[in-house]
Amino acid sequence: MDAKEIIARRVAREIHPGMLVNLGIGLPSMVANYVPASLGVFFQAENGVIGLGARPPEGMENLSLTDAGGGFVTAAPGAASIDSAMSFGLIRGGHLDMTVLGGLQVDEAGRLANWKVPGKMVPGMGGAMDLVTGAARVVVAMQHAARGESKIVRSCSLPLTSLRRVDLVVTELAVIAPTEAGLVLRERAPGVSLEEIRAATEAALILDGDVPEMILA
Amino acid sequence: MKGALTPQAAAELIPDGASLMVGGFMAVGTPARLIEAIVARRPRNLTLICNDAATPGKGVGKLISAGLISRLIASHIGLNPEMQAKMISGEVECELVPQGTLVERIRAGGMGLGGVLTPTGLGTEVEEGKQIVEVQGRRFLVETPLKADFALLGAWQADYVGNLRYLLTAHNFNPVMALAGATVIAEADSIVPVGVIPPDAVKTPGVLVDHLLIRPGL
Amino acid sequence: MDAKEIIARRVAREIHPGMLVNLGIGLPSMVANYVPASLGVFFQAENGVIGLGARPPEGMENLSLTDAGGGFVTAAPGAASIDSAMSFGLIRGGHLDMTVLGGLQVDEAGRLANWKVPGKMVPGMGGAMDLVTGAARVVVAMQHAARGESKIVRSCSLPLTSLRRVDLVVTELAVIAPTEAGLVLRERAPGVSLEEIRAATEAALILDGDVPEMILA
Amino acid sequence: MKGALTPQAAAELIPDGASLMVGGFMAVGTPARLIEAIVARRPRNLTLICNDAATPGKGVGKLISAGLISRLIASHIGLNPEMQAKMISGEVECELVPQGTLVERIRAGGMGLGGVLTPTGLGTEVEEGKQIVEVQGRRFLVETPLKADFALLGAWQADYVGNLRYLLTAHNFNPVMALAGATVIAEADSIVPVGVIPPDAVKTPGVLVDHLLIRPGL
């Protein structure tokens, strides 16, 4: 199982029946693969659909039914189309139960940076700032390090997405819960030791009771 | 959507002292069976947020006549002399709000905005005691967001995930209030199986709705 | 022809093809009777319909299609139903071409008072403050005096509806245009003299050229 | 509604230096024939307000590729490397705005509000140079309203009074932009006789629309 699959399978277990969930493009969108349809979860795409369904078979695409990445999707039974004002009203008003986003850095205050690398990558924040500021629960799904550098840092060196403390960080090594006291190490990936996690992490990690192995969906 | 309830069970959710947003304009679009059930249960000391006080014995007028309301936030009470008398006697504390400001305050509450910047009310009694902000050289009143413990909606059609449609002038405050109630209860003229309401016809997505009233006769 | 009919017929001539118009309840609503359907005017009722039609025949009413006074109406071809947020967005955003409202007082600054008589009548402002503040053009349709007292006053003694200077005042005696310089007398009712208008008016009236007789629709 | 125009006639309304709001999200819901006609006419020095820069040669990406845009206000340009290069070189001045803030700024402009009070962007680069207001003990950014000379909309169905419907995720910014353009031009997949679109299905009332594009083939 590769890093991304571990992350997606672990994040999937955060999703409970009846939730309204927004999955970012890339790795976060893989989470949907591990959420059983029987849960009755509604996925929102911020471009304007509640009840996002799977990609349609070739030849059955509709040009006016896409996800936030522009890919063709279908509509689940009970789906609703909404305009951007309603879409972000749901996000900013706390009606979105959970957002799963990728990250560049998370720091000891639980703050996320995920929209800009000055001088290198300036794509614009899209909906990320609204999602992190407004969603009821923010889960960051990202690999633990990039080019050998820990992405769990003491203090973000990249521009912040929001001052809001995110609720959970899931990597291929660990599950970390940002709290007022700092980053609490909650779970480790199957076969990974506490020492391996500490060695891979720039930020201080707090131990608060047992650190069991992740259970994957 | 958590489930469909009898009007009695829905009314029992509402404790003394609760704040209620109730959809409707002169009782059009107001959930009638739900109001009846609340009147029967008689919770006290309620705060009512709605467009108008309707007329005595119609729509939210029933809640007022029954003496359940101690505070009202509305834009118009002129067709309910009973409500006017209760305001003058001090039995009901009444905040009168311009209609456009009222709907935007509810929307702001429901959509996580910090308030409404509006020229409506500037230089009038509505301005009294309020913060004024200058933006791009113009002055605006800062009107605060409104939320409530319950939003009680009148709809035309619902499905069993809670998606709602409204009919003609019975939309009014309902779609906006659906965003601003901690618990949202919708009474629809009919409930249809999931998939019957096309996605583009949904005016209130079911994810906002906590409870439907069960169909009459069930 | 009684006072109200004169006023309604004169106001009707302010309405041009294709306009979006809001008529207040009472006297202003009579204006619709004198606007030919061929003009293609859309009447808005602020409770949520664009394309208000006449009262339906008895037995053909729909409980969910009413005007702002709660009376049964029909929908003209091309009508649209809107919620209160859109309805007041149209009003406050300047998309409403004209509003016709009743008045208690208009003063020399062109300011309207029409929502409250302290100690006597406290109905609430409903949509009046939004209409007067936001509509592209505000026309006040009211009788010239009430209980022998002029309603065109030096300075409003009643609570203001808005600081905005209204665009036109139509009474059964005169058409008056509030301007930066003051109230300009534009027209007089058929058979009414300038002296009669002055005698019935507390406010100063400015003469600026001819004061022809009203033409009524 | 003033009338239906050919794409060419519509494009001729747009002078050099105009500001355009264009509906669409990654080109879904963008008026394609109208964009083509504007590219053919080549007005210069335009300000473009839209959700994203699409991709090169698609949707509003065509306006950018053709060099017609000197200023862009958008939430995301990450999938249009051409636009990113133009921003870095300074050829196009670019203001990046959080998506929810962008749609509310347009709505505020279209609905006569003084601005938007939002927590989004507080404590980030987005805050720089902006007014902050405290309401009920919480701090909010004041984001200014946006309007434009033209709003160019992509719709699914129109009637001849200008009423519009949109399809599925092609709604996006279109209904809000319809409120904020001094001149509103809508391109619909089909145009139907007046009366065919039921009042409850109208998403943009025709009174907001100045021009439709004539049907293809006319």
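Note that the chains are named A, B, C and D in the order they appear, and that numbering of residues resets to 1 at the start of each chain.
The rule we apply is simple: a contact is a pair of C-beta atoms (placed from the backbone, for glycine too) under 8 Å apart; a residue touches a chain by one contact, two chains touch by 3 or more.
For clarity, every value in this text was computed on a predicted model and none was experimentally measured.
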{"item": "Number of steps on the shortest touching-chain route linking chain A and chain C", "value": "2"}
{"item": "Distance from chain D to chain A - Cα centre to Cα centre, in angstrom", "value": "29"}
{"item": "Rounded Å distance between chain A and chain B, as computed from the means of their C-alpha atoms", "value": "34"}
{"item": "Inter-chain centre distance, chain B versus chain D - centres from mean C-alpha coordinates, in Å", "value": "32"}
{"item": "Junction residues of chain A, two or more chains touched", "value": "49, 75, 81-82, 88, 92, 134"}
{"item": "Contacts with two or more other chains, residues of chain D listed in rising order", "value": "104, 107, 112-113, 118-119, 166-168, 199-200"}
{"item": "Listing of all chain pairs that touch each other, if any do", "value": "A-B, A-D, B-C, B-D, C-D"}
{"item": "For the chain D and chain A complex, residues of the former touching the latter", "value": "25-29, 51-52, 74-79, 84, 87-88, 96, 98-101, 103-104, 107, 118-126, 156, 166-176, 203"}
{"item": "Residues of chain B that touch chain D when the two form their complex", "value": "104, 108, 112-119, 131, 133, 135-136, 138, 140, 142, 144, 165-168, 199-201"}
{"item": "Contacting residues of chain A [partner chain D, same complex]", "value": "45-49, 62-70, 75, 81-85, 88, 91-92, 116, 121-130, 133-134, 159-163"}
{"item": "Partner chain A, residues of chain B touching it in the complex", "value": "1-2, 107, 110-113, 159-161, 163, 179, 194-195, 199-200, 202, 205-208"}
{"item": "Residues of chain C touching chain D in the complex", "value": "18, 20, 42, 49-51, 75, 77-82, 86, 88-90, 92-95, 134"}
